Each structure stands twice: as C-alpha cells, then as structure tokens.
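Sharing a structure, written as structure tokens. Questions coming.
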Amino acid sequence: MAAETRREAVSDASSATRLLPDQLSVHVGLVVSILLMASPLLLAIVMSTQTVPEIYDIGDITPGSDGLTNYVSVLTTYDMLTYMVNSLVMSVVVTVGKIAVSLLAAVALVFYDFRFKNGVFFLILFTLMFPVPVRIVPLYELMATLGWSNTLLALTGPYLASATAVFLLRQHFMSIPESLVEAAKVDGVGPLEFLWRVLVPMSRGMITGLGVITFIYSWNQYLWPLIVVSDQNKQVVQVGMKYLQSVGNAGQTDWGLIMAGAVLTLLPPLAVLIAFRNPLLETFGLAE
Amino acid sequence: MSQVVVRYPSVVVLDQSLTDRRQVLKTTGLAAAGLTTAGCLGTGSDSANNQAGSSGQTTIRWWHAMGGNLGETVEALASDFNDQSDTVTVETSYKGSYTETLNAVTSAIGAGEAPELAQIVDLGSRLAIDSGAFVPMEEALPSDRIDWSDFQDPVIDYYSFDDTVYSLPFNSSNPIFYYNKDMFEEAGLDPESPPETLEEIRAASETVVSDGIAEQGITFANVAWFPEQWFAEAGEPLVNERNGRADDPTEINLDTDVANRIFSWWSDMHDDGLYNHAGVGAWGAAQQAFLNGKTAMWISSTAGVASATAGAEENGFELGTGYYPTPGQTRTGVVIGGASLWMTRGLSEAKKQALTDFLLWLSEAEQQAFWHRNTGYFPISDSAVQLLEDEGWFDENPNFQTAFDQLSETESSVATKGWQAGPATEVRTLMQDGYVSMINSDVTVEEKLTSMKSEADTVLQDYIDSKG
Amino acid sequence: MSAHETAFDSSLGAYLLLLPTLAAIGAFLYYPSLQTLRLSVYKTFLFGQNTRFVGLENFTSLLTSNTYLASVGLTFAFAALVVVSTLAVGLLVAFLLYEVTDGKAAYLIAAIWPYALPTAVAGTVLLFLAHPSVGIYTFYLESWFGVEVDWFTVGWQAFLVVAIAAVWKQVGYNVIFMLAALNNVPESLNEACELDGVGTWRRLLRVYVPLMSPTLVFLVVINTIYAFFGSFALIDLMTQGGPTNATNLLIYQLYRDAFQFNNLGLASAESVILFLIVGGLTYVQLRVSDRYAHY
C-alpha cells in the first residue's frame, strides 16, 4: 500500500518535474538565444537597405530607402561578383578535388594490404598537426618557386589533401558489407570500377556531407588567399570584403554597401548548409 | 547463397547508374573546368614575362597602390597611353595599400617575377635599392629625352641617392591643413587666417569645442608621416647618418626635445578632448569625421583635395586649406610624401624601350597636369606648373595650390630631405602604436618615447645585420 | 585479415591510388613544415636573397621580446575565453534543442546556421554594428547602460569584441556535436532521472556533461585550434592587432613579421613556437581527458 502510494506520489512529482523545464521555457530559451545569435545578421540585412545618411542616423533601424540598390552596386561597380566567382571556382575545385583524391586514398587504405599501410595512414593522419600557419612562409615561397603565385593553382593546391576526409571515408568504407566486397573479388572488378559502382553510391550521404564541410571550409578561407593573391580581380570574396571597407562617398564609409557585401558573402555557404543539412548532420552523427 | 552474390544487386546498379554518370560527369567536368580555369589564370603572369604579345604588342605591367578615384585616374592615364601607342600596352594592377603593394613587389622579386614598373612608397626607397632589383632611372632613361632639371628640386632630391636619380617621381604630396570655414566664422575665428602652429591649433580647438560648434577641434589619422613632418618643420632629422641618406641609420631621434614637444602636444590634445583619434592609418575615417562636421579642422595629404572639395560641397560647407602647422615658431618646410616609379632590372630591350616610351609620356606636362587636377598630388615639373597656371587652374582652385606653395617655400636641408631606412615600415608601426599607448595607458610621453627609441634602434640595427 | 583487405592484391595499385594524396601532403604539408624548421634558424633579407645561419638567435630574441611575450599571454587568454564561452553557449543551446519536443527540425537549422558564417563576415558585421561611432549596438549600450564604447582605443574592449565575434562564429559547430552527443544518451537514463526527481540543471551538469565528455574534449581541442588560428580574419578586419597590440595574437604577429616586415626567419621561428604551443596544449588536453572523461 505504502509502496503504491509512494510510486503514485513519485509519478505525480515526476509529472511535476516533467514540467521543469516546461516546454514553454524551453521554447522561450531557444527563441531568445536564436534571436540573439541571428540579430547581428538581421540588423545587417536591414542596414544594407539604407542609404548613407540613413546609416549615419544611428538609431534608425527601419528598412531603408535604398532597397536592393546596394546589392546591385556591390556586385557590379565594386566587383563583388568577380570575387564571388573566384571564390566559387576555388571552393568547387577544392571540394571536388579533395573528395576525389581522398576517395582514392581511402580505397587503397581499406581494400588493399601492403607493407607500411599503417605507416602511410599515420603519415596522413599526422598532417592534422600542421595547420596552415605553421607552414605558411615556406608554402608561400614554394608557390613563388613553382610560379603559382597569384593563380588558382596556388589557391587550391595546398587544400587538396585532407586527413579528415581520408579518415572519415576510410571509416565508412570499412563498414561496407562483406558480401559486396566478395562479389567484387569474384567478378574481378578493378578498384576504380568498384569505387564508382559500389562505394560511391553507398557513401553518398557521407560524400555529400564531406562536400558541404569542404565547401564551407574553403569558402571561408582568408589568410591564405590574402597572401597568395595579389591582383584584386583574382581575389576571393572574403578578402574582397576588406576592399569594400575603403569605399565611401565623399569620405563617409558606405556601411550599407559593406553590409550588402557581407550578406552576399554569407549566402552561398548558408544555402549549401540548408540544402544539404541532412547528409551533413548524418556525417556528424546527428541523424534525424 | 552464391547465386545471390554473383552479381551486384541489379536494382541498385540500375538506380545508381544515372547518379553515377551524373557524378562522374560532375566530377570530371568540374575538375576539367577547374583545371582549365587554373590554366587560364595561371599562365597569364608567365607569358607576360619578357615576351611580346601576340599582336606584336609589348606589355608593360604596372603595379600600383592607388585606390578609389586615384586608381581611376591611373587607369585613365594607362588607357590614354594605350590608345595612342600601337606597340605598347600598359596593364595596371592595383595591389592594395602602399604596404601591400611593396610586399607584392618584394615577393615577386623573390620569385623572379617582378613587374616591369612598380610604384613604391617614398619610405620604401631604401629597401628597393637594397633589393638590387631595380635599375636607376637616371641610367635607364636616355638623358637626351628627359629633362631632369624640369622636375622640382625637392622632388628630385628626395629620390636621389649617391647623386643618382633612382626612381621616377610620380605622385608627390605634402601634408596640408584643412578646415571648415563656416565653423571658423561661427566660432569667431578668422576664416581667412588659419592657425599655423600646433599651439594655435590648440587654441582654435578650445574655442570651437567650448562653443559647442564641433565635438572636437581637429582630427587626423594616426600615421607616422605626421610626426615625421613635424620633425622636418622643426629642422630636425628623424634618424642619424644624415637622416639615413649617408648610410643605413642606427638611431632614431626620439629622445629629443622636439620629439617630446610633438608627442606631448598630440597626446594632451587627445586627453583634453580636443583631438579626434580616428585610428592608426585611418585616413578615411579622419576624412569622414571632418566632412561630417565632427571636427572643425583636419590634417591630411594634399592628395585628398579633390575628394575633400567634393565632400565639403555635399555636406554644405566651405573648405579652406592652409600650410601644415609647425611645432614651434620656426617653419622650415615639409618633406614630400607619396610614391615614385621604379623600373625592374634585366628587362629585354623591347620591354625597356616600351617602358621608356611610357615613362617619358607620363612625365610630360599634360599628363602631370591631368594627374594633378584629378587628385591633388601636386604637379612635379615646372612645365606642368606652367601649363596649369596658363589655364588659370590655380586661380579657380586655390586649395590645389596650397601644397605647391608650401613646397616652394621649403628650405632645403637634411631634415626636409626626408628620412630613409630599410625597415621603415616597422619603425613607423612602432611610432603609431607608441602613440596609442601614450593615450591609452598611464605611461608618460617621455617614458614611452624612450622605449619606442630603444625598440626602433633595435629594428634599425637588425636590418643592417640581416643585409649581411 | 578481413575480406576488405584482400579485395585487391596489387601493392602498386594501392600506391597509385595513394599517389595524389601522398604527393599533395609531401609537397604542401611535410616539405613546408620542414622548411619552416630550417628557416627558423636563419636570418633572412627580403624574400630569401641573403640568408645567414644564426642558430637559435631568432628564438632568443622572440622569447626576450616584450611584444612577443605579451602576444603569447594574450593568445592564451583569448583562447581560454573563447573556448569556455563557446562551450557554455553551445551547451545551453544544444541542451535546449535536446529538451524541446516540437519544432526540433526548424530550431535545429536556426541554431546551427552560424556554422556557415564565414569568419570575415562575422568580423565585418560586428565591426559595423559595434562601431564606436556609427554602430547600433554602441548606440544602445551607451544610451541604455551608459557604457562608453571605445574599442578603437581601449584595449580590453577590443579584445572582448573580437572574442565575441569569434564565439558567434564557432557556436554552430559546437551545437552540432553536442546535440549528437546528447542524442546518444540512453532514454532509460532520462527516465531514471525523472523518477528520481533530478532537477534540470543537475541533470545537465551531473549526468549529461560527464556522458558527453569525449565530445566535449574533442570540442575543447577544436575550439582551441580555432582560437589560435581561425581568429586571424577577425583581427585583420576589425583591429589590425591594435589598439596598441591589445589584440595582437600570435597568428597576427606572425603575419606581420612575415608579410609586412619581411622578416621570414623570425616568422618561421614564430611558426615553430606556435606549433609547439598548440601541439603541447592538445597533448595536455587529451591527457587530462584521459583522467576525467567517462567513456
């Protein structure tokens, strides 16, 4: 009897505790924190529609009268379209290149047995210890020696090999069902065909996820393009925003224009994130 | 069992074949596109090296640091030249600030890919010479086709080392004083008689601020150029070894009275709310603050006259200009600023010829006058000045004349010749950061000057050591 | 030997497949890293025209330079601030996402979008919104709280602003991993908590955090690396190391020495020191986690 009551009491109490945190406060908490994190961006969007005098009327956060003019002019007069194309080319080449190269490496590491295999894997993994700043000076000189300075080759080459991609793909390949591997052996299929016809289809989610990660990472690069590209019209959009900072009308910095530039710079990776969020989240282990 | 595994699940294959093909296409297509673009972007700089272009044109690459309206004027000059020449094409390339351009040039030198023509900032001259990558202009340009005496003395003097003219002067400036005539009137100050010394500026600022006419009296960017100019006005060299012109300097004269006076004035103005600290290197922000009416006065380069005039009109006030203020009662003069053009060593005959043609054209009075009218950099040759006077330009645009007059009244001396040092960039950064320290922390001006001096001396010595 | 490993026999084939990766890491990772080591013991002039062997002189001059030592201190402080803040904010948001029952998918996307936020955009936007003269945040801070916003001159304010930008950009990434870790918490544990009447915060801190510890350790490492290296764009766009070196982090000092002052030997020495610091920190973090993490 007493036990029953206690259980009842507990379940009453637990439905009380289930109210804490009640869904309302969770929702409120989420909305507040999301708004807080999004507020700079929202403000930037609003400000990007304002004219210079409206910007300098500081308390004014109502949508301005310039509408989308800033977007048009930042793309055309201020060459942001050129920078965006440069970024796009760079990011696509790096994404495609990195995945292709890492796919090949992962196949070798999983489906072959050879001496030094573990050594090679370790060699690849160890490169995680050398982020760009640790090798930036000689890397820059190397570009000069190869004659790659200020070219797309310099922008993309150093990013083509990736320990992370090899690691993730290798993990994934190791979980390919044995039956498929056996079938390949029996059919005498070559590694590349095996890759195209079996591995890639079975890894679409991961490959897409990797693609998203790589694209976003590559779009985000700043320091390396800053030093290796000296011609403004070959520069990527991240550094391009720096050029916008000196734009002004009769000495007044046109922040509305700069915000338009910033918003535009954010759009491609954001679009990629939203479009491919499911494969991306899966890759991170956050299955829906 | 074996029957099941003999073939891949055909369903999977059928479904995947389309995606596979698409992916293969995507991969190879994009990669191919990428590599082709890489090819296009990559070979550009290689093929321009020492090779006549396909149409018999020789291409000259000109790397410069002129942005905004200055850059547009550079491009206009280049395209004018290209139009009137059927053998030479000048390609301009904006590389960013003076520092960024200098870096781009020095690293291109290291890679053996220096552009034919480079615009190097005045203080970068020592480094340019030491790099050995450039040939002195006096040697490169045929003496029968260029009249060096047509150039103004201070300008030619500045860019001469060991009695040889090393680079071709192009954009030369002075610092000048700008002020808002309307605000002066409101404050009861004489709008036709601007302050001429630092003390007078302080007094004017106090009036303007206490009457509530402007937030602060004066603004200017925190750039080492201004203290350097104050040294010159006071007749003091900034560094030893005859201001770095006789040999690589080893000491900076920040332990002098002059230095103390300058930095104390500067820091007191800030502490008393009379000076708007726009920021390190913040030319644009300072210009903004002045044009927006936050301050009544502004110091900047004469290269800003064109845009400042437009800005003052837009903001509805009358712009006045005056000489650069002096730290004391003596006025020795100013050092020219700006940059000059350097020719790379080892060019082929064709390139050398092409570049010579361009440079001679660029130095003609018409071009110099065009450059001046569109920027504010003063005309550096007597013939250009003559041309402008003849068309009554200065009469209609008195603000453009200020810098020029100031230059012609400058006494020639070791101090006004302007300092030189290899690691000038680093020393300037030290001075600029040093000032921020003075206004930000409790350190006294004297203490800070002492520590700035010892750091700068080390940098100067390091440079000599690294030259080997 | 698994079936996988015997799928193909040719060793040559394997190496051919590995060739692009190995060539790339050889050329762009190992070779430059070794070169950094070599350059660090030379004094260079311009871009390698003259080089003189000077042994450890570059290192000693760095370790006796006040500017450099200040930079080291600043970077550690910055990393600590950013790592802790990012973890705290990330944990809060991830926890809320975990607890909410409706609209998870929508909230999720709204919460992780900063993952796509480029660092340079974060810096530019905050530079404007918190600008001492024209920023809207400045306006409200000054009028509502009477705080004087002057981070172009006041060092610690600049430090804070850059840190905030850094945290903003990095939170999305943290949320993703933390939520994944929370999702792995067995439901039975949740039920047990309910039955025992464990309060929300206790549940988070006493139960979930220990369970998430491998992920948290991973994030500490990632966030540290980000704080040390990824903040470059923020500094370059917002403060250029100033005011008076208040935001002169090691990565920025390195950039200046290499690419503005052309002092390659010294910059290489700085790279070596950076490598040692980050490597050391990573090692320490992993060791500490070994002791405290519950797997």
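Which chain is which? They are A, B and C, in the order written, and residues in each are numbered from 1.
The working rule: contacts are C-beta pairs under 8 Å (C-beta built on N, C-alpha and C of every residue); 3 or more make two chains touch, one makes a residue touch a chain.
Computed from a predicted structure; not experimentally measured.
A.B. asks: Please work out which of A-C and A-B is bridged by more C-beta pairs in contact, and write that pair.
C.D. replies: A-C
A.B. asks: Compare the CA centroid of subunit C with every other chain's and tell me the farthest one.
C.D. replies: Here the answer is chain B, farthest from subunit C.
A.B. asks: Whole-Å distance, subunit A centre to subunit B centre, using C-alpha means?
C.D. replies: 37
A.B. asks: Just the number, please: Cα centre separation of subunit A and subunit C in whole Å.
C.D. replies: 15
A.B. asks: If I count partner chains per residue in subunit A, which residues reach a count of at least 2?
C.D. replies: Expected reply: 56, 100, 140-141, 144, 182.
A.B. asks: Using the touch definition from the top, which residues of subunit B touch two or more other chains?
C.D. replies: 107, 110-111 - these are the residues of subunit B that touch more than one other chain.
A.B. asks: Please set out, as single numbers or ranges, the residues of subunit C touching at least two other chains.
C.D. replies: Residues 47-48, 259 of subunit C each touch two or more of the other chains.
A.B. asks: For the complex, which residues does subunit C have touching subunit B?
C.D. replies: Per the touch definition, subunit C meets subunit B at residues 43-50, 52, 133, 152-155, 240, 242-245, 256, 259-263.
A.B. asks: For subunit C, which residues count as touching subunit A in their complex?
C.D. replies: Interface residues on the subunit C side: 1-11, 13-15, 17-18, 20-22, 24-25, 27-33, 35-36, 39, 47-48, 89, 92-93, 96-97, 99-103, 105, 107-122, 124-126, 128-129, 131, 134-136, 138-139, 168, 171, 176-177, 179-180, 183, 194-195, 197-200, 225, 229, 232-233, 236-237, 251, 254-255, 258-259, 264, 267-268, 271-272, 274-275, 278-279.
A.B. asks: Using the touch definition up top, name the residues of subunit A that touch subunit C in the complex.
C.D. replies: Residue list for subunit A touching subunit C: 10, 13-14, 17-18, 20-21, 23, 26-27, 29-30, 33-34, 37-38, 40-41, 43-44, 47, 55-56, 58-59, 61, 100-102, 104-105, 107-115, 117, 120, 123-124, 127, 129-142, 144, 157-158, 160-161, 166, 173-174, 176, 178, 181-182, 184-185, 190-191, 194, 216, 219-220, 222-223, 226-227, 238-239, 241-242, 245, 255, 258-259, 261-262, 265-266, 269-270, 272-274, 277, 281, 284-286, 288.
A.B. asks: For subunit A, which residues are in contact with subunit B within the complex?
C.D. replies: 56, 89, 92-93, 96-97, 100, 140-141, 144-145, 147-153, 156, 179-180, 182-183, 186-187, 196-198, 200-201, 204, 230-232, 234, 246-253
A.B. asks: Would you tell me which residues of subunit B are touching subunit A in their complex?
C.D. replies: 5-8, 12-13, 16, 19-20, 23-24, 26-27, 30-31, 34-35, 37-38, 41-42, 44-46, 63, 67-68, 93-96, 100, 104, 107-108, 110-111, 113, 284-285, 287-288, 290-292, 307-308, 310-311, 314-315
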